[in-house]
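To keep things simple, chains are lettered A, B, C, D and E as they appear, and every chain counts its residues starting from 1.
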Amino acid sequence: MSSGRALAEGFPDLTGLPTARRAHWGRWIAAALILGVLALVGRAFAQGQIEWAYVGRFLTVPVILHGIVNTLVMAVLAMGLGIALGLVVAVMRLSPNPVLKGVAAGYTWLFRGTPLILQLLLWFNLALVFPVIGIPGLWSAKSVELMTPFLAALLGLGINQGAYTSEVMRAGLLSVDAGQFEAAQAIGMGRLKALSRIILPQAMRVVLPPLGNEFIGLVKATSLASVIQYPEVLHAAENIYYANSRVIELLIVAGLWYLLVVSILTPLQMLLERRFARGAARAGR
Amino acid sequence: QEAPKAALPPEIARSGTIKVAIVPNYPPMEFKDPATGQLTGFDVDLGDALGKTLGVKLAWQETSFDQMMPALSTGRVDMILSGMTDLATRHETATFVDYLRSGPQFFVRKARAGELKDMTSLCGKKAGASRRTSFPREIAAWSEQNCKDNPVVFVGTEGSADARTQLKQGRIDAAVQGNETLPYVMGLEPDTYLALGTPIALQYTGIAIPVKETGLQQAMAGALDALIADGTYKALLEKWKLTENGVDKAVINGGK
Amino acid sequence: MSASPLVAFRRVSKAFGTFKALDDVSLDVRSGEVMCLIGASGSGKTTLLRCVNQLTRIDSGGIWLDGELLGVRESGGRLHALSEREVARQRLKTGMVFQRFNLFPHKTALENVTEGPIQVQGRRPAEVRDEAVALLARVGLAAKAGNYPSQLSGGQQQRVAIARALAMKPQLMLFDEPTSALDPELVGEVLAVMRELARSGMTMMVVTHELGFAREVADTVVYMDQGGIVEAGTPAEVLGGPREARTRSFLSAVIG
Amino acid sequence: MSSGRALAEGFPDLTGLPTARRAHWGRWIAAALILGVLALVGRAFAQGQIEWAYVGRFLTVPVILHGIVNTLVMAVLAMGLGIALGLVVAVMRLSPNPVLKGVAAGYTWLFRGTPLILQLLLWFNLALVFPVIGIPGLWSAKSVELMTPFLAALLGLGINQGAYTSEVMRAGLLSVDAGQFEAAQAIGMGRLKALSRIILPQAMRVVLPPLGNEFIGLVKATSLASVIQYPEVLHAAENIYYANSRVIELLIVAGLWYLLVVSILTPLQMLLERRFARGAARAGR
Amino acid sequence: MSASPLVAFRRVSKAFGTFKALDDVSLDVRSGEVMCLIGASGSGKTTLLRCVNQLTRIDSGGIWLDGELLGVRESGGRLHALSEREVARQRLKTGMVFQRFNLFPHKTALENVTEGPIQVQGRRPAEVRDEAVALLARVGLAAKAGNYPSQLSGGQQQRVAIARALAMKPQLMLFDEPTSALDPELVGEVLAVMRELARSGMTMMVVTHELGFAREVADTVVYMDQGGIVEAGTPAEVLGGPREARTRSFLSAVIG
């Protein structure tokens, strides 16, 4: 290329020289160290006082399999309840009515502020407060009969989850452009229809990633329901180790199952996210 | 008098302390005084007496039930003295020096005394007990023998306090606890509970010591025998209302 | 002006806080009339349109559409606000086109058009679909029915928005600066659709800065300033020879 | 205002008429119903088999106070560890070295995927795997002596927290404009200095709100450490109810303390957020 | 051209994927010279600057700054990349001003200027502060030392950015379209500072579309196209009577 100016001498042409790639010694040493430590830890685990035979034997016994099914059933149902509640509460918080707003804020505060285990125990032991539940004159039932471990776990986990989900939902609703609500109103939609058909599907994009995290958290939180005799996988593992004293081995069995479930959920979440990104591909806001 | 002390493993003899796991959730065997937070109970008194006999101090290590056996395996503690039932299934990890006889016993709410008069009236009813114990199996065995095709429905609870909470709500009809604990519990909430019949099985409660620590096992057994001989043991039984449950002599691995 | 007007504003005022966005506005829009509203930013043009569509609620005065008082009912010498459902019904008589399109991004062009008739008017999907396809063809987008808004240019999006509003078969179309968010080369295609719509006899209120369009298509041009109507008349009167000094200075600035 | 055109007759002047405010019956009825139900629940709690005298008596006994202090100490320390780890792991995940990247991703996967209680028990029982810990020839110690309940709880909670925090940190680092890193390089800063002085302080704005949530979660998760005898507040409450059978009452005591802590943390978080919003007040991106 | 140039590019190439952003560029910048780079978008101007500052690493050829080869060391017939630390040291010889300012938003104007000298050069804070205040005064912002970037206009921010670069006492200042992110009324104040800087004898490479500035201040104007230098010479030569057709068509498009 002609630059129209004479160039100074004394600067050699380097184009022919090969460039030696700089070895990132530091990085590779760090990586090697980490791998080494991992290998050591692995070896120690294999050789330690943990009897892997027990882990293998109990990994697929019926009680454990039944437990993991129960865990999943509970997590799915509680998440459903949590999403429904979270949605209602999020809408309440955004409503102009101060009472609804206050109740919604109070709900979030109370249930996020107290340990889940306490909530589970309170639901399970509701009969201490309400021996009988019902609509006076119409229908009533003894609370202990109504409040099975299943129902208590569902209420405890679901209502607690609702408090967290309401915050996620609120952020999601706020993320949708206000113009969308006006456009829905302009074609004659009421509040509810606009919410369900226009606002929510768009909010899902923002809501799904944190909701995925919440669901993974909930799968693990289900283990707390073992204190109220809900037969989830940790409960099953405990029952086995109370009998045979193989505490760590059985906990590893439960841990492996949780790990499997979480590993399956992550790609599922991706799929759902792609589904709700419909039309947003190149929105380029 | 010198014999049990001589059996102590050298390491313990040198340090002068024995580390003992205890789960203070089983009054009157062991619990924390709600007022002071102090560890107390029959096991605590017995342990201290054993220690005195052996000329060592007991270092109590509070732990959780799930954590007791691992603590023994890892050497975190030298032994468990925590109202632990001597079971054959546990002999793989521990050898037991038994110091009490006890038995799981049904109890119900006094309010339902008219309806639940004797043990057989529990057939077809719900009975709860801590799932951490051997009681589930014993209830099943008893039900098998006495109820035939109308068996007792077992409900596993998180512990005996939980079992009582459920009994109070009427979630279960009867609860089962070791009979050594019943007098104390009934004293806490007078006029609430009623013991039903006799214990449904007989078990030993023992000090769990790692299988290979034979020296410590001998020392403990010897010390216990000494306490039985000099009357200290009897006095402790009386203090904690456990006279029904005493043994005549230390038993090794008496559990089935 | 013998026939009753389609829209009548009488002494309409609206304040945001202490700021008067509309100040005692009275105005008639005849059936079939194309009215262009011009004026500086903040003069209240958008607010006027939004009041017809009840996206904004007026403070005092009244707006009648097709003979019906909007948003309130008079009884016993007081005005009573209508329910959300009644307001939604009244909205169906107007179609609104927004400056920023506001298409539903998660629905295709066709779904955007069919959403209202199917979901709000409860009409048969098959029938609505056919009409929607015809409407998209009318705005020149027959080939884009399956595209999502993000796959359309701004001009195409705005034309879909017009089709969406028309699908509800409104008596009055409201346009709020429909071309001002568009790149210059896309303005023409939207104005062409609006021109065709005006020719078909639709009553239209159009807020716009496109004076050429106003001159050519409008029956009436209304110049607003500070929440009030300064001047209204034919394009020739208002744009050609404005009577008011404020109008003249605005026009010279815009054309300037 | 003169409109220059004659107006049609027949539209009355409404300006004189007062507008009756529309009563939102639906909303107010909903609010009243909710308040009614709350009142009923409150009354039932007051009258139920819960002995509030016990709650009052045990609310401030030394063991409980000591427990809540331990809870807070552990939560703060574990959060510190979690933040440090999370930061390192987040930087590793963004590094170009595939080994470091893989190790970081594996860490997040493993520790987010397994229940915390299993992790706590594994740390506490590390002696099952490593009876002795040390640097061969230099120093060694028996694991059981080293791994006190305090240390096990700290490691278990902190390392688990690190997995969650790393994701939060990663999002925060990514949120800072790439131009900031270039500007730091342009004035001669190295990677580390740019990270600590330029990138991190800006990332804090994005990182703090989720970190606040995480911390509240951690305060409550500390209760799990009661299985390894860390004397936190729930452990203290349990010890009391084992002796006196007042299960629900003591759980309510613990719940009230948690609620108090969470209520205090929320405004603290606001304060910190304001501190890090320095200079961003009217950035108006 | 007897004195050795401050910057020398020799056969410098850089590709992003298959796209050649710089294609065999050779160029000298003398000490004290003000060089303006012009050219269409994508012609490689930014890339050229970034290679001098080593924010972008070149593929082949060499760049010498103050006699030192940048980024690599030659030994044994091969080139060895320098360590991060050495690169950071070489960077200190240049100061860079970005199009989008890139001020540190969490630091005040003064802190932005002192950050480098204190943190990187490790100089005494008190001394650095005094210099920084003087520098801010030089760019006309003495009164704004305590303001955060968000509290400054774009033009003020860019002047702080210039002060920040000058604080490191560089031998060469690089400007990448320093005014093109500014509102028209703010461009002048930044150009004034640059003009003053040029007059003070600073060597500068300036990518700009401000042909007026180039004509007035530049010693050399370089026109780039498709990663190569098409024409270089005095402003009169390149802007007044370009030899190349490409330059002519570019200039006519820019001047419009």
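One rule holds for everything that comes next: a residue touches a chain if its C-beta (ideal position, glycine included) is under 8 Å from a C-beta of that chain, and two chains touch if they have at least 3 such contacts.
As the structure is a computational prediction, the values presented were derived from the model and not from experiment.
Novice: Chains in contact with chain A and with chain C: which ones?
Specialist: For chain A paired with chain C, the chains in contact with each are D, in label order.
Novice: Treat touching chains as neighbours: how many steps, at the fewest, connect chain A to chain E?
Specialist: 1
Novice: For which pair of chains is the number of C-beta contacts greatest?
Specialist: So the pair of chains linked by the most contacts is A-D.
Novice: Which chain is most remote from chain C in terms of Cα centres?
Specialist: Comparing chain centres, B lies farthest from chain C.
Novice: Could you give the separation in Å between the centres of chain C and chain E, each centre being the mean of its C-alpha atoms?
Specialist: Result: the chain centres lie 52 Å from each other.
Novice: Could you state the distance in Å from the CA-based centre of chain B to that of chain C?
Specialist: That gives a centre separation of 84 Å.
Novice: So how far apart, in whole Å, are chain A and chain B when each is placed at the average of its C-alpha atoms?
Specialist: Result: the chain centres lie 41 Å from each other.
Novice: Would you kindly tell me how far, in whole Å, the mean C-alpha position of chain D lies from that of chain A?
Specialist: Centre separation, chain A to chain D: 15 Å.
Novice: Two-or-more-chain contact residues of chain A, please, as numbers and ranges.
Specialist: Correct list: 49, 125, 128, 247-248.
Novice: Can you list every residue of chain B that touches 2 or more other chains, as numbers and ranges?
Specialist: 66-67, 70, 73-74, 162, 165, 168
Novice: On the basis of the stated criterion, which chains touch which? Give every pair.
Specialist: A-B, A-C, A-D, A-E, B-D, C-D, D-E
Novice: Using the touch rule from the top, collect the residues of chain B that touch chain D in their complex.
Specialist: 24-27, 31-35, 37, 61-64, 66-67, 70-71, 73-76, 159, 161-162, 164-165, 168, 185, 188-189
Novice: Quick check: in the complex, which residue numbers of chain E touch chain A?
Specialist: Residues 1, 4-5, 8, 10-11, 13, 23-28, 60-62, 64, 72, 74, 77-81, 83, 220, 222, 228-233, 237, 243.
Novice: Help me check something: in the complex, which residues belonging to chain A touch chain B?
Specialist: Residue positions touching the partner: 49, 125, 127-128, 131, 142-144, 227, 229, 238-239, 241-245, 247-248.
Novice: Report the residues of chain D in contact with chain E in the complex, numbered from low to high.
Specialist: 177, 179-180, 182-191, 193, 197-198, 201-202, 276, 278-284
Novice: Contact residues on chain D for chain A in the complex?
Specialist: 24, 27-28, 30-31, 34-35, 38, 44-45, 48-50, 95, 97, 99-100, 103, 109-110, 112-118, 121-122, 125, 127-131, 216, 220, 223, 234, 247-248, 251-252, 254-255, 258-259, 262-263
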